[in-house]
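The first chain written gets the first letter, and so on, giving A, B, C, D and E; residue counts start at 1 in each chain.
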Amino acid sequence: MAIFFQNVIAGLETGSLYALAALGLVLIFRTSDVVNFAQGEMAMFSAFISFTLFDSFGFSYYLAVLGALVFALIFGFLVERIFIRPASNASLVSKMIITLGLIMIIGGLASAIFGIDSYYFRRAIDVDNIKVSGVVIQPNAIFIIALTMIITGILFYIINKTKLGIAIRATAQNEITARLMGIPVFKVYSFAWITATLLGALAGILIAPTTNVSTTMMGEVHLKSFIAAVLGGFGSFYGPVLGGLIIGVLDNLVGMYISLAWKTVIVYGLLIVILILKPTGLFGKTHRKKV
Amino acid sequence: MNKKTTIYIIFILIISSLPFILGVQRSTMTLINTIVIYSIAALGFNILLGYSGQISLGHAAFMGLGAYISAYVTNTLPEMGGVEFIIGIFLAGLIPLVIGLILGLIALRLEGHYLAIATLGFGVAIQQVFKEWVAFTNGFSGMNASAINLFGTSLRSRESFYIFSLIILALLSIFSYNFIHSKIGRGLIAMRDSEHAAQAMGISIFKYKLIAFSVSAFYTGIAGGLYVHLIRFVEPNQWGVELSLNLLAMVVIGGLASIFGSILGAAFLTAIPEILKEIPVIGEIRNLSMILTGVLLIVVIMFMPQGIARLGIKIKFLFNKKTKEEKLKEEKVV
Amino acid sequence: MDILTIKNLSISFGGLKAVDNLSFNVEKNTIYGLIGPNGAGKTTVFNCISRFYNPDSGELKFFNNKEYNLLNYKTHQVIDKGLVRTFQNVELVKTMTVLENILIGLQTNTKGNIFSYGFRLPGAIKEEKRIRKKALNVIRFLGLKGKEHELAASQPYGIQKLIELGRTLVSDPSLIILDEPAAGMNSTETKELAKLIIRIRDELNITILLVEHDMSLVMDICEKICVINFGKKIAEGSPIEIQQNEEVQKAYLGGEIV
Amino acid sequence: ACGNDSSETSGEKELAQGVSEDNVKIGTVAVQSGPLSFIGAPYVAGMEAYFKTINKDGGVNGREIELLKKDDEFKPDKSVQAIESLIFDEEVFAVVGHLGTPGVVASEEIIKEEGIPSVYFGSGAASLTEAGENFFPVQPNYLYEGKLMSKFAVEEFNAEDVVVIYQNDDVGNDGLEGFKTGLDELDKKDILKAEIPFGASDTDFTVPIQKAKEQDPDLIIIYGLSTGAAGILKNMENAGMTDVDSLTTYSNADASFLEVAAPAAEKAIKNLHVMGWLEVTEESLQPLMDAMKEYYPDTPINSYTMAGWVAGETFVAGLKKAEDNLSWDGYIEAMNGLNYTEGLASEISYSEGEREGVTQMAVSEVVEENGSYQFKQMTDFMEFK
Amino acid sequence: MLKLQNIDAYYGFIHALKNININIKKGEIVTILGANGAGKTSTLKVISGLLKPQKGKIKFNNKSFNKYTPEKIVSEGIIQSPEGRQIFPELSVEENLKAGAYTRKDRNNIENSLEEVYNYFPILKERKKQYAGTLSGGEQQMLAIARALMAKPKILLLDEPSLGLAPIIVKEIFQIIKDINKEGTTVLLVEQNAYQALSIADYGYILETGKVVLEGNSKELLVNTDIKKAYLGGN
């Protein structure tokens, strides 16, 4: 049983990071209809910033994180302004290609600026582990899980209960009409991209102790965050979060009790099966389309 | 044969003989061959995305599958005077076609982003199968394959391979052109633009999604089958998300719902990074070629949102106002 | 003789009964009107008939040489039984020309598969020629000649509605169901439409079932009208009868007689 | 591609393609851009730093070495193109340090056909040892290393319960395979208690560690590259598996690995051991350090850099020995008698039909010196016999 | 109050509006009539800033609107209920209405306004939690009008508000237009239902293929024989 719980807790921890990244993805593709393939790359860049501030500029950890978040804020804003907005009339797939281009640009710049080495980056909460009846609990993991819950809660509130939330959802459904209602859609886009980049940066900084800071650090998190978003269903904003947690835990349980080598096939197979049964994700609402 | 067809044929003949006239080097010939191969894959992908409006981010799996199948068949069948290649390339198309049907069934229930990610998951899972199913794929170590052997004639030289693969590309292009401009193509396009109208008019979404996925899987599989006899080696890492996204980029950059666009897009994405690497200063600085490729992608999308293939139509329009409708039509695509 | 019979049709969404135990019959070669307040369930009835929705209960029978239980068919199978519809919000294939859009209506009447077309077998070429001719005939019938190679989406709303109508005509149906064909037309255009609908019935022998809020059209051309409210039938009869029905007045017409 | 024939027909002085009186043009193919450039970039830098050092001292027998670099992005098709370009367009004398198993295997056929010398492969592909006379593999392949690991496991660690945690790709699979073959030959099959795969890009190593812990092993073999191996160590630390010996592959035998792995695995790292085929002492590394500092101060110095350096050393050793007989046959002949011991590797030697490359390896352990960790050689260099 | 001066507008190569002059006085109901494709919707798009004219001026209280974005124009007090309804399908009915009130400063009165529009359209109140996309065509049309009303605009632009509505509701709509006009809202009304539109309007414009071909007092237009022939179905 201890082993089981150990795996579940670890799964929740990584799952939380998938969830953060997935939230960012969802925010962007719900508002500006962009599948942001560059989300992982952007997160990696921000993580490098915080590491550089910490390691080369001697900032304290929390100050370095703060610095990276400020950077992410500007970064998200600029990416939307420079690359996405001019193409706002382009088709869905064209926008996908823009983010593909961004992967090359940001990834290329990152290794040109930060080099190609990997670096260890400390955990947010660096205190000793607690042991509860055979289960090792890392305070850092608890911190990550809690942080994710809080952020989800805040976003959930904003999206569902505020005027900004209505603006975001209206923009997502019909940009032109949203403008006709006086909704400043470009501010909504900026908000979405900034928030998403912040979330990505957080995910990057928090995963760094496991994957190290390197140009390839976000690959897996990024991929899983897509899966999480779709598994949970991005009709709601808690769907992707639950999706992330499920993926994190499922990965471990399948690995532990079924097969490590075939884990990927099993988990992805399961995803497809779930989607066939529930085409808008586990927590997505299905409603009959009106003709 | 009308004037347009004649022009096309002459055009194709010129393009196909260009490498010989210019006397390009062997490595360039290899590059051109990969362009032809990716053109076939992109063409298949365009039938799916451009004409049918269905997205897949797992199509690399079909190309890989085609490659493995052809390699496996030609390796395991005893020397049969070239028959094993025919069987191999045939199965390289056929088996992906069948698996494409499965993907089509999945697509029946899903749309948009959900379909995109489900197919991405499908692609990752198949790639994992390539890695683990050692008996068929030889796992991570990869598998060698022989050069094309057509009834005793070995197409070892890059030039003969070029002619052969170009013929296949031409045949597949003509085939697609024909069926796109028929009932089948209209059905696909109707499904893409208005599923409701399509259904009301008797178009079975079930049937047409299956057609779209299986035909495109077939093309992509054939491309994989050719690939493995050109490079003569196949290993699992190539057939991942990156390649699937590249196929997507080829089709969008070249021009959605455009056969010629598929070829242009394949050429763009395959050749540009290589060309950039050869430019002295750019080649020296690490990743600069990659960064510039990314910039170029974005520039193309911003200034030619309908793809490179549509550029010609725009230019034509400047000279000839009569094609207004045509232009309008092109602009509305997707 | 009836061409369509609807018996005890019901469907609900969540708690809402959109169609409630509704029955009516459409006689062959008539123009039958289905009217009712907004949200009464008219489009939903159409969606059930054309099999976009699955009713919770009830019978849907269609007679065209043979009796068809519509519930046994899927959406795309309805058209080749001889029953076809238009949409309340015009649904054309935006990227296609007028001609191509009309050809879509011939989809199930066309022989050949991907191979015969891909290889341009003689049969396929012949077939393509045949259907083009047929489509051009319809274009002529609608007075759209000259526009066949223009893009459907760039046509004004009224023309788009005609194209949609043409798409249904070309499939040689025996019953067409029209959802608000006159919406967005001014009275002159509506009059043209009325003439056209009558011609379709008289010249092509096609029965018409129609939903419409424009009373000038409905009262003009319908032989029989069924009024529903909250998914239930509240009246059925000739235009005169309907106009004089008090309940209909109150719920729908608002005292107005056109 | 005619260098071959011409040298046969006319006398010794006939030079192969790519060689002139004062210059030898060679080429290398390695990933330089994209996510895997962390392997290729330091590798090529190490190689080039070596050639620059040689050139600064006047080259080899009066000839400067000119290195052409091609980026194949670790993809076999681009690798084939690059190799063709080097051989047929650029007409290089030899291919040195071709990196990446997919590319190496895909272009094996071309190299074989042309007969061009190809020295050093950044690849663990075992087939290279039998590819032909013009192939000169150097670094031990993972199969062999795995085999040798079993010998160390039995003889040095006296292990009775071994768990192999391996990266589920060609690296880890070959290593595991070799380890099992070795055990088989040593008749110690039963000491291997579990084979546990992990993904190269995994973000959570809890499951492999839990599985390992269940076996209560006395030796854990960590067969995987830097990031994964570091992740495993960190998770061992978390799970309290801090007093088990661990042994990892030579790919991790550098200080930069320790820098990444140590901070979150301070206890576990102390029991870490690593295989090594290079004599990594401060003294032996000095020339490399100096050269890197001069030419590539920003590039990390790790096992990839050292590998590149050795690739350079090996090629130049042959070049020196061949003297002016710079036809392909001349070079191959010279290499066939090579027994090079001055470089980073303990001994590189070839003879006709013998293409094993380096077979001598040693185990190093981690030592701590006021907060910083280093590897220190702990056993002699040994072969699997 | 609102002036369009010599407006020329294009969709790509299609010349949709040709030298349009329209003047709307405060407190009036002005109607624009015309056949399909005449340019009525395009005129409204120009006012709302969705279609930028190539030539000409748009002035609101002597302020130039030419450079304003659509959202800015809304916050100046001009809102429209667009053609084709364009409701937000995956927002609930009530959220759609709140989106209409986005630019309102007096947040406290929004609840009151909600009650007001629910009074106009009781069916919407019944459906307030339903996704707007699942409403019937007519219900959606009511929602679109109600949503625009929620903005409490200075000028209300209505593009074919009676489209798809039952006769009884059509009547109500025209009554509502009169009511809010009385309360001080200026209305610009595009209609196919020419007779009804002219009956409540003060002034009317007739468009034909992008040009204003006739304008005048609605009383005069109502009796104009050409118009009778073309739009009122009379002879």
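Here, a contact is a pair of C-beta atoms (placed from the backbone, for glycine too) under 8 Å apart; a residue touches a chain by one contact, two chains touch by 3 or more.
Just so we're clear, the structure is a prediction, and the values are computed from it rather than from any experiment.
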| Chain labels contacting subunit B and also subunit D | A
| Between A-D and A-E, which chain pair is linked by more C-beta pairs in contact? | A-D
| said: Based only on mean CA positions, could you tell me how far subunit B sits from subunit C in angstrom? | reply: 41
| Whole-Å gap separating subunit B and subunit E, where each centre is the average of the chain's CA atoms | 49
| remark: The distance between the C-alpha centres of subunit C and subunit D, rounded to whole Å, is 74
| request: With chain centres taken as the means of their Cα atoms, state the distance from subunit C to subunit E in Å. | output: 30
| request: Find every residue in subunit E that makes contact with two or more other chains and list them. | output: 134-135
| said: Using the touch definition from the top, which residues of subunit A touch two or more other chains? | reply: 107-108, 111, 261, 264, 288, 291
| query | What positions in subunit B touch 2 or more of the other chains? | reply | 196, 286-287, 290, 328, 334
| query | Can you name the residues of subunit B that touch subunit C in the complex? | reply | 175-176, 178-179, 182-184, 186-187, 189-190, 193-194, 196-205, 211, 215, 257, 325, 328-329, 332-334
| task | Flag every residue of subunit A that touches subunit B in the complex, lowest number first. | result | 29, 35, 37, 83, 86-87, 89-98, 100-105, 107-109, 111-112, 223, 226-227, 229-230, 234, 261-262, 264-265, 268-269, 271-272, 275-276, 279-281, 291
| How about subunit D: which of its residues touch subunit A in the complex? | 33-35, 37-38, 41-42, 168, 196-199, 201-208, 210-211, 214, 226-227, 230-231, 234, 238-240, 256, 259-264, 298-300, 302
| query | Given the complex with subunit E, which residues does subunit A contribute to the contact? | reply | 163, 166-167, 169-170, 173-174, 176-185, 235, 287-290
| said: Show me the residue ranges of subunit B that touch subunit A in the complex, using the header's touch definition. | reply: 49, 55, 106, 109-114, 116-118, 120-122, 124-125, 128-129, 132, 196, 241, 245, 248-249, 252-253, 256, 285-288, 290-291, 293-298, 301-302, 305, 334
